[in-house]
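Both of the next two complexes hold chain A, though its partner changes from chain B to chain C.
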Partner chain A sequence: MLIHALAFSALIWLIIGGVGIFFARDFILISNRLFPLSALISIFMALLALTAIASGTQELILPIGLPNLPFHLRLDALSSFFIFLLGAVSAGISIYAAGYFRKAEGSALGLQCLLYHIFLASMVFVMLANDAYAFMVAWETMALSSFFLVTAEHRHAEIRRAGYLYLLLAHIGAVAILLSFGVMAGSAGDYTFDAMRGFNGGEFWGTVAFLLALFGFGAKAGLLPLHVWLPEAHPAAPSPVSAMMSGVMLKTAIYGLLRVGFDLLQAHAWWWGLLLLLVGLASALFGAVFSAVQTDMKRLLAYSSIENIGLIVLGMGLAMIFSAFGMNSFSALALTATLYHCLNHAFFKSLLFLSTGSVLHATGERNLGKLGGLIHQMPWVAWLALVGVLASAGLPPLNGFVSEWLLLQSFLFTPDVPHGYLNMLLPVFAGAIALISALAGFTMVKFFGIIFLGQPREEKLAQAHDASRLSRLGLLWLGAGCVLLGLLPNAIIALLAPVVESLIYSALLLDTRTGNWMFLAPYSAERASYSPLIFFGGIAVLTLAAWHVVRRRYHDRATRVPPWDCGFPMQTGRMQDTSEGYSQPIRRIFSPFFKRTRQHPSAFDTRPRYLSIVEDPLWYWLYLPIAWLVERCTRVVDFLQHGRIAVYLTYSFATLIILLVLTRG
Partner chain B sequence: MITFYAFLAQLIELIAALLLAPLLVGWINQCRAWLQNRSAPPLLQTYYTLHKLFHKDVLLAHNASPLFRAVPYLIFACMALASAIVPTLSTTLILAPAADAIAFVGLFALARLFIALAAMDVGTAFGSLGSRREMLIGFLAEPALLLIFFTTSLISHSTSLSSIVKTLASTDFIIYPSLAFAGTAFVMVSLAENARIPIDNPTTHLELTMIHEAMILEYSGRHLALIEWASALKLFAYSCLGIALFIPYGISATAGIMPLLTAAASMLVKLAAMGFGLALIETLSAKMRIFRAPEFLGTAFLLAVLAMLVHLLLEVGK
Partner chain C sequence: MTLALNIPDAFSIQVINLCAAVMLLLGFAMLAQRRILSLINLFMMQGMALFASTLIVAYTTNQSHLYWSAALTLTLKVIALPWILHRLIRKLSVKWDVETIINIPTTMLFGIALVVVAFNVAQPISQLSGAITRATIGIALACTLLSFLMMITRSKAVPQVIAFLSMENGLFFAATSATYGMPMVVELGIALDVMVGMVIFGVFFFQIRQQFDSLDIRQMERIKEE
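The block that comes next holds the complex of A and B.
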């Protein structure tokens, strides 16, 4: 029943999109009616999925598709959880989008409305699909609709280039996923997931299927070294689309990886987990370091998404290692942290992307070096972005901290892993996680401080306006999500329990003896406990008490004066740290990570020009050589190409003859 | 009964921290002055300064935002909470289960983020310089601090500060070699986190070298007083934490007034010794260039890793 309702809601999304393209000229209808309606459907879906998480598996066969291969749909705990994530986050994004599309940017609003809703619906079907065919159709629809959304402003060459890169990597990934399904389906030729669940093709073929899936889903998730499309595509897309891609679409890849790694392939070798862990760690570290040195605010967030996806995959790898050694209860802890972080990242990253959207709208600038002081003009956006910043920096009492805490707790159990050196190696990785989250803190201070604080770096910033009412509502929804996810971890973990249980047959045990719902205490309160409510309450009470006492005991006089600045009177907005200046220590400390081009003016230069470009070295080490290789290979087969139809027909004829000869014997 | 006692112990600890933190700073300044052959300021000088600052008017820059005005109260609250969580006198505290060692690190990170943001708020060159350097020190020190806590957590099978201290205090003088490494790393991290020599100089206002002072240049009056008090609380919390983790003998693990009093007495002696030690370190070393800080804190991180490996290699299974 629930599955019918979910499929039907996705259909309504498609209808909304259809209405949008049909009345493409009717701006008011699309922005004030269709997008809010779509947000309501998102909420409805989130509620449906919420009830579906604990209510067992449901299946449905849609009579569309190939003659002998109808679409199999299946709603289990894992897919319900990810649909819940999609619904809850897209509700905020859709309501924001209603207020965002003010003037026509790039392609027409009606078309964007259609593509946006196809994108949403296809993600639902990705999570519902129960056979490889339906999955691939939904997956490709998702890739294509998001490609067209990314290239909405296709008149700019760099946006077309970003879109092309995205399409290319999405398809290379899709091929790998298809091959992985092929390996799992084996010679039986049954492409339903139910058949793949009984996969017993031996360790070798299991490994092949897993590696292919890791490659394919890794390309979508933005794992190293397949991450290059992400910092290009996210800034190119309109902000609600970036938010949707980063917050939700990357999670479909995580969903796929979980589906293949834990559900379809049940037996895993421990080194699969180690591989996931190392890839995740490399991506997280890379993302953290690179996001710290970005100057474009959306690129900065894109790299930060790579970092967070890395942490998610790292947690997944840890869960896999534990479960490979039969330590299912610890595995449950790591997996809970992983899923929790998926939800957290979806909320705070879409919140941050949407705030950059508002800034972009109000100022027309994406470059951090041309912003500043916007907290005065845009207080709503600024304060809500601060919530996202604190969450993204992994600070208590917000949500980012809870999943990090759970992840670190699960690392504390790694010395028990019965393996010679893994039990020595793994605890040290906890230090790397702390480094990554501290770097995220650095980046977030830079992001918020340069955009919203200080003096405006350009004169036009004085005319910036706050977000419109509907956009504020969207930001508020996501900000409230971050706060609630941070303050009520026990409720969320209870929600995740059926999902974790369906994947590893063991759920995280919470100690509810001593505390009540207030304390988050995995296993036992003596071992570890954290109470965000008391934590938050403590800070709030002490802050208010300090404020009150200082006012009552002394006074609250304040005089407005020019800034002191060690007595320097000529301070202007241009003398503040730019984004490049702020991240200079990172460039210096992590210099082996970067490919830098620098040009320093000499002291006597009358027209000094300072240049510093930081690039991703992988682009030069990996991608350009591959591109060169492909070009060389095509040149080799170039002689086959003549442009005359007669020659091509001869080729076809020859191929046919050869095939016939081969198949005859 | 036990909750009443825990509540009482908690209240006493919070008040003691609030009152004693400026005294610790005054004591360190006095020791340093003696060691450097200068005439020392009065022991209570910090209190006089705070009192004076609270009475003065606040001079706010024209473009200071509400965030700028809220931050002093916020970081004061964070530091007060931190010093209330550290099991200084007793291990039965009512706030102890609310935050374990990891949340404790998070609490400091939260305060750091707020002050770094406030430093950028007025938009002066020094503010963003200080903010950038502070975040640099922060992201280098935080992993080391977390690994130190991890080592102690592995020893005591718990990340709860109370349980860690209880375990370390009750083992009858088993020597953990790992704690020697962890302790050294902890001292290095504490120096960096509290803006002391050799990373930062709390008495400097020389433009190019300051970190913490650069961030709070624009603050005055009661805001500055709260920030100074918060820094004192931070130093106090770190000192207490160091004592609790590495020399915990004498802390009260049982309920009662007498254990609490003996714990307070031994704590005072240890704090005084620790303050003298800090003054000695500050007198004997010179401030480093800012880009030597990564090496210093990298060493601390490696020591923390060593501590963990030593624990896993030598002490597990004992």
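The block that comes next holds the complex of A and C.
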């Protein structure tokens, strides 16, 4: 059975991790054998999950855990899809990690290997879990293992701080999820998801459960205003881990939201969808604006992850609104776009994070202001990063375009929503999505242009080296994924159909009337259609033609002369446009979003320094007041703390006696 | 979960009662004892009483898994833990008398009050459960509370740990006498906890002494966060 095979593969991951920690000193074994082996298992898992999507539901009860409380596992279309995502993406990341961790100094490699594989396996079990108990165990294992991965270099104070923030929000979120399950189990009487599916606790408790789930999963996904851990933790982690967290772990939160919102709670109020839309829009806009002004390349990508998660949640909200009004075919379209974007984001964001990892490895520099011109030293990384950048910017014929286009297409049906204000409000969201895509494009131009194009801004960049062979293979895998997902949308949509159908009992069916293998037409060919292959062909032909013409017509006659120096006889790499300079207009336009501190050097300064810090105002408006409040409250109970163990013991002793006497009475 | 149980005969009930009484007596003895070495011996004897009562319950109610618990009790509480404790105090060379925070007679009086409370509190439980003997639950609870009291009144780390372990004895006794033993998994888990706890305490002792040159936990007041 497929579910057995999947659980078994996850077990092999754990074994690989165990072998890794056991032979922690043997770097060659870990990097050359274990990580590639783990990548093979990822591919195997992806294939299994691919076949499982359409092959119905399978269940399994594992007699582990507490007595009379076994783990219920269930493999349905939704979990198969997300396991496929996990397998397909982690294959690339693991192969990359084989090349990346090899150069890691220190003896922590074995530990990293163990934690990495626990992380992978726990995510599989999150998706397989069919009762709240197994889900929470897997969920917390995932949170803890990723926390230790994030704090791998715990000697740096800021990394410890980032890890703490992550752990804190992960736990607050986990408590909310647990409460949400508790509310659902309260009416079902049982903690299995099967029992919760028959939830009939009324609209009020359904809403409570949904809001708690939104809070909990939102904290993991990085939705506003629970996003603060994300731009701290992702840059702190080693790059393969950042890629895994951004590409896959955030999707587990999306999975959880879909599981609770569409599977366990089947009756929706339309305003749940509107809430998702609002939260998604806020996150997407916030992420896009903030990623545009970042100067640290990994922070830039982290904010871009917030943006993409926002888009995914937007799609989910739209699907919920459509399904609340019984418009299931449109709901299917929105949900297809959502799932498609999950897959796309997993591929291109992992690709980008891994390429920043290579850059970081080669140069030791994360600050965009000290990079530049790396396409000459690192052609492999640069060209593959270009694929990821184009996909992330949402340009055809790559994958990012398809899902964003589908999402916008589904917004075009919102005038049919039978609700007076909604059908006027929703087109505004579509406009905002267009703005967000444009900002994402801007950010990606900055990301690629500043790192890889132009002249090196520092001298040491000349010594940068390209990624190792295994790392290249990992990047190539993810890049190929981006291209294939972009070129074969119809195949992917057909793949998603059972998933969508299992969630809303209606699927986006592509028959010959609405499209064929070449044309993607989600509604009807007259309305809108897109052919990635023709697009790709057109681009390829034009590029080749231009290249040919340039080479044939001009190359022979080219003569090399010193360039006109614009009146500046001395030019260095530092004189190029910087990332700050490039994003200055965005900082101007969106200035209400930021909290800025600036320090300009005076004209007479002999050692001029320019300082510009862009901070998240939510940190000041929301988090610091809460922290202050908590501190005040703890001051109140501070007098209980004497530091004397006997007194502490007396507290519990007295509590025990009082409780005993009370229960007696 | 219902088990087909043999109702124990009057003689074994008497023996179990005797064991219970011995345990309670030992509990008081530990509360009154000032010397660490004797404390360990008393702890060992309490383990033995527990072992005997578990064995008898196992035999009379004919439950094979209780034999395992009895064996576990014997190896852990009669052999392993006292041995570890002996080794520990030899290594730490702390054979001196134990200071108590409250003087012994007051503690004993307090202990008697606790036993009364324990019996009173345990009454409805023992009426509910089909226990072998009614009084045993009260005694088990009393043993637990007495150990707790001992933990509070001692200021040195080693007696506190012994008190902690003896508290577990009381719980275990409650489990075997009131509910004919817990599920095997739970018992194994508790046994593991005790072992792990012991190891951690062992490490902790050395750390405390290294830090404060003393095993007096009153020293730890100094590390309170201001």
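The rule is short, and it goes like this: the second predicted complex is superposed on the first by the 620 of 665 C-alpha atoms of A that agree within 3 Å, B and C clash if a C-alpha of one lies under 4 Å from a C-alpha of the other, contacts with A are read in each partner's own complex, and residues count from 1 in each chain.
One rule holds for everything that comes next: contacts are C-beta pairs under 8 Å (C-beta built on N, C-alpha and C of every residue); 3 or more make two chains touch, one makes a residue touch a chain.
Here the structure is a predicted model, which is why all the values come from computation and not from measurement.
Enquirer: Applying the document's definition of touch, where does A:T51 land relative to chain B and chain C: first, second, both, or neither?
Expert: Touch partners of A:T51: none, neither chain B nor chain C.
Enquirer: Can A:T559 be said to touch chain B (first), chain C (second), both, or neither?
Expert: So A:T559 only meets chain B here.
Enquirer: Which holds for A:I657: it touches chain B only (first), chain C only (second), both, or neither?
Expert: second
Enquirer: One more residue to check, A:T634. First (chain B), second (chain C), both or neither?
Expert: Neither chain B nor chain C is touched by A:T634.
Enquirer: For A:M575, select first, second, both or neither according to whether it touches chain B, chain C, the two together, or no partner.
Expert: A:M575 sits against chain B, while chain C stays out of touch.
Enquirer: Check the contacts made with chain A and report whether chain B or chain C touches more of its residues.
Expert: After superposition, B is the partner touching more of chain A.
Enquirer: Scan A:L408 for contacts with chain B and chain C and give back first, second, both or neither.
Expert: A:L408 sits against chain B, while chain C stays out of touch.
Enquirer: So which positions on chain A get touched by both chain B and chain C?
Expert: On chain A, no residue contacts both chain B in one structure and chain C in the other.
Enquirer: Where on chain C is chain A touching in the complex?
Expert: 101, 117, 120-121, 123-124, 141, 145, 148-149, 151-153, 155, 160, 183, 185-186, 217-218, 220-225
Enquirer: Taking the touch rule as given, give the residues of chain B at its contact with chain A in the complex, in rising order.
Expert: Touch residues, chain B against chain A: 54-55, 57-63, 65, 67, 69-70, 73-74, 76-78, 80-81, 84, 95, 97-100, 102-103, 105-107, 109-110, 112-113, 116-117, 120-129, 131-133, 135-136, 138-140, 142-147, 150, 153-154, 157-160, 163, 205, 207, 217-218, 220-222, 226, 290-291, 294, 301, 304-305, 308-309, 312-313, 316.
Enquirer: Quick check: in the complex, which residue numbers of chain A touch chain B?
Expert: 372-373, 375-376, 386, 390, 393-396, 401, 405, 408-409, 411-412, 415, 423-424, 427-428, 430-432, 434-435, 437-439, 441-442, 444-446, 448-450, 453-455, 514-515, 519, 521, 525-531, 534-535, 538-543, 545-547, 550, 553-555, 557-566, 568, 571, 573, 575-577, 581-582, 584-586, 588-589
Enquirer: Going by the contact rule at the top, pick out the chain A residues touching chain C in the complex.
Expert: 66-67, 641-646, 649-650, 653, 656-657, 660-661, 663-664
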